[in-house]
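Think of it as A, B, C and D in the order they're written, each chain with its own count starting at 1.
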Amino acid sequence: MLRLSRFLPSTSRRVCDLKEVFWSGSLTFEHALSTSAANYDENASAKKFANYTVFKGKAALSISPILPVFSKPESGGSRVNRNGSVMLTFFPAVGQRKYDFTKKQLFALSPTEVGSLISLGAAESCEFFHDPSMKSSHEGQVKKSLSITPLGNDNGYFLNISVMNNVEKTNERMSVPVTKAEFAVMRTALSFALPHIMGWDQALTCHPQSPSAPASRPRVERPNPDSEWDR
Amino acid sequence: MLRLSRFLPSTSRRVCDLKEVFWSGSLTFEHALSTSAANYDENASAKKFANYTVFKGKAALSISPILPVFSKPESGGSRVNRNGSVMLTFFPAVGQRKYDFTKKQLFALSPTEVGSLISLGAAESCEFFHDPSMKSSHEGQVKKSLSITPLGNDNGYFLNISVMNNVEKTNERMSVPVTKAEFAVMRTALSFALPHIMGWDQALTCHPQSPSAPASRPRVERPNPDSEWDR
Amino acid sequence: MLRLSRFLPSTSRRVCDLKEVFWSGSLTFEHALSTSAANYDENASAKKFANYTVFKGKAALSISPILPVFSKPESGGSRVNRNGSVMLTFFPAVGQRKYDFTKKQLFALSPTEVGSLISLGAAESCEFFHDPSMKSSHEGQVKKSLSITPLGNDNGYFLNISVMNNVEKTNERMSVPVTKAEFAVMRTALSFALPHIMGWDQALTCHPQSPSAPASRPRVERPNPDSEWDR
Amino acid sequence: MLRLSRFLPSTSRRVCDLKEVFWSGSLTFEHALSTSAANYDENASAKKFANYTVFKGKAALSISPILPVFSKPESGGSRVNRNGSVMLTFFPAVGQRKYDFTKKQLFALSPTEVGSLISLGAAESCEFFHDPSMKSSHEGQVKKSLSITPLGNDNGYFLNISVMNNVEKTNERMSVPVTKAEFAVMRTALSFALPHIMGWDQALTCHPQSPSAPASRPRVERPNPDSEWDR
C-alpha cells in the first residue's frame, strides 16, 4: 500500500517497502547479505539488520547502524576494539521503481561524522572526505566524499556522494534529496545509534554484582580506581 | 482521582484513567484486545500493550506503538520484514465522560510520518493521506487523511482525522485538540518509539560473541563485509 | 567531598550526597523505605530506587521515578493497569545541612504533567493542582499545588509546593530554587523516564517469537489485527 | 585509515583510533586498566569500557562513563549508594601523534555538572572547581578546575583543565579545542549517560512480578506506598 504524504516537497518522494521494490528484478538486499555472511561464524544467524531507506527519482539511500567490536574479555574487562559506524548506501535508479543494488556506493560515518549530521542547522552544510590509502603510496588514487547541503526553505537536504578514481579515471556521483520529515527520522535514528556505535550502552548496562561492597564499607581503606584523585 | 492542570487551555481538558472512562458502559479496550487476539499464537500472552490517551469534549485520541516484524533467522541473520508503526485511534464522545470505542477510526503512522510529527514547529501543519487500494481498481474509493494544525499561540495542535468512503457516500470526521503539554508527551514518546519501530534497537543490542576477533588480529587478512571499501 | 560549581547562582547551592546529609540525625530515606516495604511481597528486594536530590537553604527536593503497573497476562497479553509517575518530595531544612524528612510533602507528576515540565520554555511557568477528594463529599478540603516559575535571566526555576488543608486550617509551603544545570538534569531524566512510566519501553521491547510468520507468507490470507484498515 | 573532515576548524583535528596512537610507545590505556583492576573481584572481567577520545596538537581528551553503585539488596530493595559520573581524562602530546598517558589529569563530572555541559548554549561558558580536602585541614592545598569556553562563531569549545598544588607549587594546565561536531557527540553521549549514572535506568527497568495485583483489585484496601497522599 502506498502512502502519499503532503508534507513532502514536489520532487519524487515515494518511500516504499524495500522488499516490494527489489522484487521487480534488481539484485536484492538479501543477496548482498548472504555474500557477506559466507565467511563468518555460525553466530551470524543471531544478528539482526535494520535500515531506513528513501527511494527518489534518480537514486535511493539506505542508512544502517553497524555495531562496535569489543576486545576479548581480560581480567580487567574488555574495551572497544573498533568503533561501530552508520553505513550510508547509495544506489541508482534504472527505471521506474527499479534500483540496481550492484552499483551501490558506500560511506561509513564515524561517531564524529554522525555528530556533524545530527547537529546540522537548517541552513548549514557539511562535507566529509574518505581516502582508504591515506599515508601510503596509493594515497589520492581513490577518494570518496559525502556532502549534505540544504534544499532551501528548511525543506530538507541533498545527500551527495562522489567517488573519484584517478587510476581508472572514473567519477561516480549520486544525489538523493531528503525531506525535512525523512531527515528528522535520520537525525533521531542516528542520535539513538550514536551511544551504541561508541559502545557506551554496553559500558553503562553491564552491572557486575558487588558482593564485596556492603553499605557500611569504609571509604578510605580501598582506593577506588575510578577516583579522579588517583594518578 | 482527577487532576486539574492550569497549563491546559480552556477547552475540555480532562485526562482520565482509561479504565474509569470505559467502565461506564462503552465497549472496552479489553474487548478490542481479545477480539484481535483470537486468531494468534499462545506467545500472544507475552505481549504488552501501552498507550497514551487524551479525552476531550467531542472525541478521544489514543496513540500506541506497534513493533516491527523481523524475518525468520537465516544463516546471514534476520532483517526487518515489516516496519512497526504508531497507531492513532480516534473515538467519539457519546455523552459526558462516555466514549464509544466501536466507532473508532485508525491511522497508522509510518516512520517517516512519525518524523514529520516530531519535527513539527510551533506554527506548522502537516497532513498525511492513506488509500488502501492505491494502484488497484478500487483506488480512490476509501481515503483517510490525518492533519495536524496549530491551536495558535504555541498552545498545542488539533489532530483531525477524516475518512471518506465514496462507495457508501460517508465522510466521518473527528477532531481532538491536544495541549502543548500533551503534545510534548507525544513528541517524547514518538521520538523514543521511532528507533524501535524501525528495528534499530534490536539491530544495535544484538551482540554476537566474537571469539575469533582477538586484539592482535591483523586487519588485512579478513576483509570486513562491513567495510565501505568492499563492493 | 564537596564540589563548588561557578555555574550556579548565588543562592545556597550545595548538592551533597544524600547519605551524608541524613546521617546528621534527620530521619533517613532508608527509614521511609522500610516503612513502605512492610506490607509487600518478597519480590520487593529486587526493586531498585534512584533519585536526584538538590539541597538548598530552606528546603530540599528529591525527584524519583515510579514504575507503571501492568495487568496480569491474559491470552491477549497484558496492558498498563496504572501509569507510573515521577514523585517530587519536598522536605524542609531545620538547621545547617540538616533536613527533616518526616515533614515531607509529596507531589506525583502524571505523564502529562511531566510533558509540561520538559517542554517549559526559559521564561515560562506552569502550575498543577491535585485534590484527592475530587467529585466526592470531601472535595476541596485538601488541595495541593505545584508551581514552576522562572528565576529570571534563564538562571533556572523556583519549584514551589503548597498544601492547603481547609479542615485543619493549615497551609504548608516549600520553595526550592533549581539552577539551570540542575533543571537540565531534571529535564533529561524526566524525558528518559517518560516512555518508561507510560509502559512504552515494555511494549516496545517485548519481542514474542513469530515462528508462524515466514518471509514468504502471503499478505492477504491472515488479516493483521494491527492494520489500520480493520474496524 | 585517516578521515579528513572539512567540517572541522583549522587547528589540528585528527581523530584517530586510540590503539594506533598508543602503540607508538606511550603508556597504553590497557596498562592503566590492569593496574586499577589488580585489587578487585573476578567479576571485573565482565566489565566493559568505552570512551570517546579526541586528539589535538597539544593534548588529548578522553571521556568515559562510570556506573553508579547500588547498595546490597535489603527487604525494601536497594538504592544508589554512590552516583556514577563521567570521567574526563586529559593527557599531553609529547611529539607528533605521541601522547603520554602517565601525565594524565582526571576530572569526574557529577550528574549536575553533566547537566551544565549538555545545556551549554553556543556562546556560553561554565566552570567547575574540585577540592578533595574541602572542610578538612588540607583544604585549599590542591585544587582542580575545569572550564568550557566557546571557540567563537559557534565552532565548538575549548575544554581546559588546571591543577594547582599549593604545597608542591605546581600548576599543570591542559587545553583541548573541541569542534562543534565533536561536542555534539559529547552532548549526545552525556545525555544518554546521565540517567544511567544516576541509576534511573535500573530503577525503571527492574520489573518485579505483581502476582497479587489482579485487574479487579479494589483500590481502597491496600494503601499504595507510592501514593502522594501518604505521609
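Methods note: contacts are C-beta pairs under 8 Å (C-beta built on N, C-alpha and C of every residue); 3 or more make two chains touch, one makes a residue touch a chain.
Model, not experiment: these values are computed from the prediction.
The minimum number of touch steps linking chain B to chain D comes to 2. As for how the two copies chain A and chain B face one another, under half of their interface residue numbers coincide.
Chains compared, chain B against chain C: the Cα-based superposition rotates one onto the other by 90 degrees, nearest 5.
Here the CA centre of chain C is 25 Å from the CA centre of chain D. Per-chain CA centroids place chain A at a distance of 35 Å from chain C. For chain A, residues that reach two or more other chains under the stated contact definition are 70, 81, 130, 132, 201-202. Chain pairs that touch one another: A-B, A-D, B-C, C-D. Interface residues of chain C facing chain D in the complex, by the touch rule stated above, are 1-7, 15, 17, 19, 29-30, 33-37, 39-41, 43-52, 54, 64-67, 69-72, 81, 85, 87, 104, 106-108, 130, 132, 144, 179-185, 188-189, 192-193, 196-197, 201-202.
The touching residues of chain B, counted against chain A in their complex, run 68, 70, 73-83, 110-116, 118-119, 126-132, 134-135, 191, 194-195, 198-215, 222, 225-231.
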